[in-house]
């Protein structure tokens, strides 16, 4: 960071159009390749940011920081959600040039946008556009007309690239407008806090949306059957999910190795299935 | 306003009992005559305030301001809601005598009270009193006894005038007690903000209550039928209503003529019905 | 209080283990003996606090204050909820030694904890443990094996005493850790306010949970039946309960004797039943 | 002929919207106008009975935000007149009333659409402090609409029979009716938008959002949201501090 | 006679409300008292079986805020005694238990109403730091009520047969029962009102309103509202600033 | 043999997760791969028809958060190939597709479980700024899984008939399948916990609690909670004041 600020005094690091294009291409090609239950698109997002980050952070430590930052849980609909990598590109640009955006601002932005854009995007892309295009083209295909397939492929691809491209570069421009003007450190501190508020609010909701740990355990004796999950729901719906997240969070904070935790989870999952908990 | 303050130094403008009686009479006679979809009782409210405003604002500009202020969207139940014109009369009286109540205080009051009083009033007046009186009198009428009609007319009118009168003058007295004691400008500023908070909260709810723009558009091809409204509701319930309000608000802020907007809305409505959107 | 502070300068009053044990014993033996509709476990709680309070407040006025403080409405599940008397014991200890904890802190603690612990406790104690133990033992009993009864008695009693004891003393230790470190008066003021916030939030919910005043009054004429309760629910669910509470609160604040109020309530209840309101 | 004029007059009065002669806008009740129209048509008692029977059907009707489920001037006056004229039994009269009540809702919603025009005219009067103008637009103008929407149809119906009305309705293409409905659906957005202009304050946008979420997602009504609004306003009041130097934002 | 006294004693103990001998107030379970009463009546095994069968019926019964769906002292002790006395099959015993369980809820709610009196007496003891008084009202007095509401009816039932109880019940006019219920419904309002006196603070009224809206409109339970309350309290904590000059409001 | 390889290749491509050649991960649609596989098997038109008929069945399928109700590579490619091979009617083809679609969901969830490993490897690459590593784990590795989970089963199915797959499935004990599901249910908790590490701030815990209550008790979705989050953030913004002396808490 220190080095960056010196650099800035000499010259600003600017993203080139080609960096953005590369980033967009990676986004469209690979962002859902390594979708995992654990973090969904996290790796895809990080990958798509590489052309940006490589340009902005010549220093290896800064680069490592930035890459790690973008390995966090992420999920959105890829076309409308392309706004997010675009916008983050511009925030990283400002950051590389010395504005002191904390991780909270960046994470808050990602978290605050990913949910709504997934909702909007899934509804429009999969619910509307896909269905309409299919409705037309399937009709043709059923009659044996192969143009149905071709038209669908062409139009759908055009839609995806068109919307994705527009959103990605709008995101960049929007971010540019909003973030490049902020230099007052007190405003940045304010922004950091507000993004923290947004991020934490949505995080409370993400647990209910992405984690759904449920037990199928029952206790039976004679005619009496007790469903443990029903009792737990009475205490607090989603208590297992939120409890697990906080236990894991505590472990991570105590620097327990994440790989170890994952191993334990796998063991718990399989053992749990074996003894009839899951 | 400037003039008013000078006047105040000489003598306070006071509302006479006859002004209030006139206002109440107009309220009871005409407040629902020009009920419109666009602003419901707005014109009726403004009309009922005239005897008050004419007395309080000898200066024509002040009068015009005040009249315009009371042309805003308004709706309540007229008997219980009579509290509102009564209370506003006292606030205007303070304002005319120099206390610096902003439009936000006055609008906040109106908006904050009109909803609850409509709920209470409709339930009691139409749900309870009307039904009870009718239940008794209809019985008589069905047997051919014209006293049923007469008794209903007399009692219901008595109820309406009684409740209306009581509420109107209680409103005035209440307002008098609450608002005439406030002179500290810092408290007024505080009040202004709080009324803004109240008004905006309720405004967010008013859209869902008074505007219900829905599209009946569907997309059909073969057996596939997509209801656009269902998709929109998934994104956000009432999105068309809130979207329309904000678009219109933006236009109004850009000083687009309201008459023009109304014309466009009429055209959109009819065209929309024609092409099957509404 | 004044005296206490002097005493403190000389020596701190400390609770003995035997005081806590006595308190716990009273809690387990008598806390639900005088359960009343009006205040549920209030008297039981006060009784259980006596060994604590007698030790801490040698001064009679202080003792009377403290006892009165713990006569307020209280209800929880006794095993998990044993945390509360334990924790309150430690807060009272600090208070007796000069830290200026207001009634708001103590009431806020009690109110904020009693609801969640009742929910958790009822679910686990009655929903889970009781049902499981019964399921096993009833089976035996049905076959005529009296060991079913004996085992149930032993295990259930062990559970109750075990959980109760653990929670009571954990509460004391927890409170000790949390409250004995606070000496800064500005933090105490802050804490007081926060407990007020918590207490008032939960109080708003307690009305809906503990008071359910409903009228069965209907108005009938011919075929028309109006259920008054349905109309009231439309205005505001629970309006009778919240209304009654506030009327009584106003009376109490005006120093109307509580015994008198109770008498009037009894009369209203019976008369109301007589005329068909309840 | 005279009967037709008198019944049409009754219908007009009944639709006038005077609060205390009836209940509230367009709700003048059949129990009152039934016997009057009956008397005009020569059989007060039958009119009374039809009126009361009609009333019974709409016993639970509540008018909220200008929207009810029946239009009384048509259901009460015109239908009663026609029923008395044909000497129908009260039950028959009710059937006629129900269909006229529905027809009348068209007149009602047409009126509430058109009244916007007067409201906008009145805006201009307000801007130049023309109090006479306000009175004119609030009192006189709506009655002109009522003349066309209530007096004329009522007169035609009573004079030439109900089929005149039905023909009139059939002559209007479906799309025009839907279009009018659509306009009636769009207009409130304008009213609220104008209100927003009066009260909007970026600083308070969060409260607007919360009000919106409470009402549209959690389906809380006006009373509940107003309660929450009061709570927020009080919080604001108690946590208020004088702005430090100058007004922020 | 002795049997009747002993069974009545059991019923009384069972209703005493000692936490750890049974479960919690009035929940002394039939599985425990079934065999004891059975032994008194001369057939422990039958008593055990009836007790367990009764228990089975109420397996899911949960007592929340003092309100359950059965009264165990009556359902467990008295009903078992009667069933054993008549040598009924366990199934028959259950039927008797169910009706006695309902009857007992009357005793229970009567008790919870009357206990208010002791609580108010105890208030006065508290005010004069009379710790003995507290003990007296909390422990001794309720047992006197229990004597009348449990011992006596149990004794009568076992001695003279169930019809005595039914007669007793029939002798009470319906309106008195409803009246007592109504009083039981009104009393908690007093308890909460007194609590309000202890904690009410105008400054925190907004939180009260929000708690109320959450629970009565959105039907959130105590746990959820407490969570929200904690959230508000924390917000308050983190945004707290020392009052500028003096206490506001 | 060649056919089997080619169809398996198609299945692999279809499962690759390239966004714009198909729709999004594993959603490569039967309408596109139907005719291709058909052509490979020697009857493009039949393939097209089966593909389209399959598509029709899943018309309303929406994939949210990586979870859909069908796996297209299996339902589209493999099922079509088998159906064309046996010369089945399109309707028959759809039946095969449905069962393969379900089978494929197993492959899918297995993949999403295993991919966690690559993500953790990638974490290490990120920590040492190894950009090549990121690419390797994001692009190359998942395709290896796809090879085993899609190419091999597809090849076997087309080469030796569907029963091979069924046997494979039967060979896996039930508990392993449930166990894998359980792991897939536990893993997101780790992802969120790591996110929490990045954003957790005690000061903002209240907002977390409220977000949690809104979503789990009141069942508000992400969009609604984000709206509320924005509202809170704005409130914070407008009420923000510079910390007095030093950072609090």
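A few points about this structure:
Labels for the chains are A, B, C, D, E and F, by order of writing; each one numbers its residues from 1.
In this section, a contact is a pair of C-beta atoms (placed from the backbone, for glycine too) under 8 Å apart; a residue touches a chain by one contact, two chains touch by 3 or more.
Just so you know, these numbers come straight off a predicted model, no measurement behind them.
Separation of chain C from chain F in touch steps, taking the shortest path, is 2. Shared contact partners of chain A and chain B, listed by label: C, F.
Averaged Cα coordinates give chain C a centre that lies 15 Å from the centre of chain E.
The mean-CA centres of chain A and chain D are about 51 angstrom from one another, to the nearest whole unit.
Averaged Cα coordinates give chain E a centre that lies 54 Å from the centre of chain F.
Counting partners per residue, chain C has 119-120, 127, 131, 134-135, 138, 224, 235-236 as the residues that reach two or more other chains. Residue positions 59, 203, 205, 207, 209-210, 212-213, 217-218, 220, 223-224, 227-228, 230, 232, 234, 239 of chain D are each in touch with at least two other chains. All chain pairs in contact, by the document's touch criterion: A-B, A-C, A-E, A-F, B-C, B-D, B-F, C-D, C-E, D-E, D-F, E-F.
Chain B makes touch with chain F in their complex at residues 223-224, 235-236. Across the complex, chain B is touched by residues 119-120, 123-124, 127-128, 131-132, 134-136, 138-139 of chain A. Here chain E touches chain A in the complex through residues 56, 59, 223-224, going by the rule given at the top.
If you check the complex, the residues on chain E that touch chain C are 16-21, 23-25, 29, 31-32, 34-35, 44-45, 48-49, 51-53, 55-56, 59-60, 62-66, 109, 112-116, 118-120, 122-123, 125-129, 131, 134-135, 137-139, 141-143, 175-176, 178-201, 203-205, 207-217, 220-223, 225-230, 232-234, 236-237, 240, 242.
Those residues of chain C whose C-beta lies close enough to touch chain B in the complex are 219, 221-222, 224, 226, 228, 231, 234-235.
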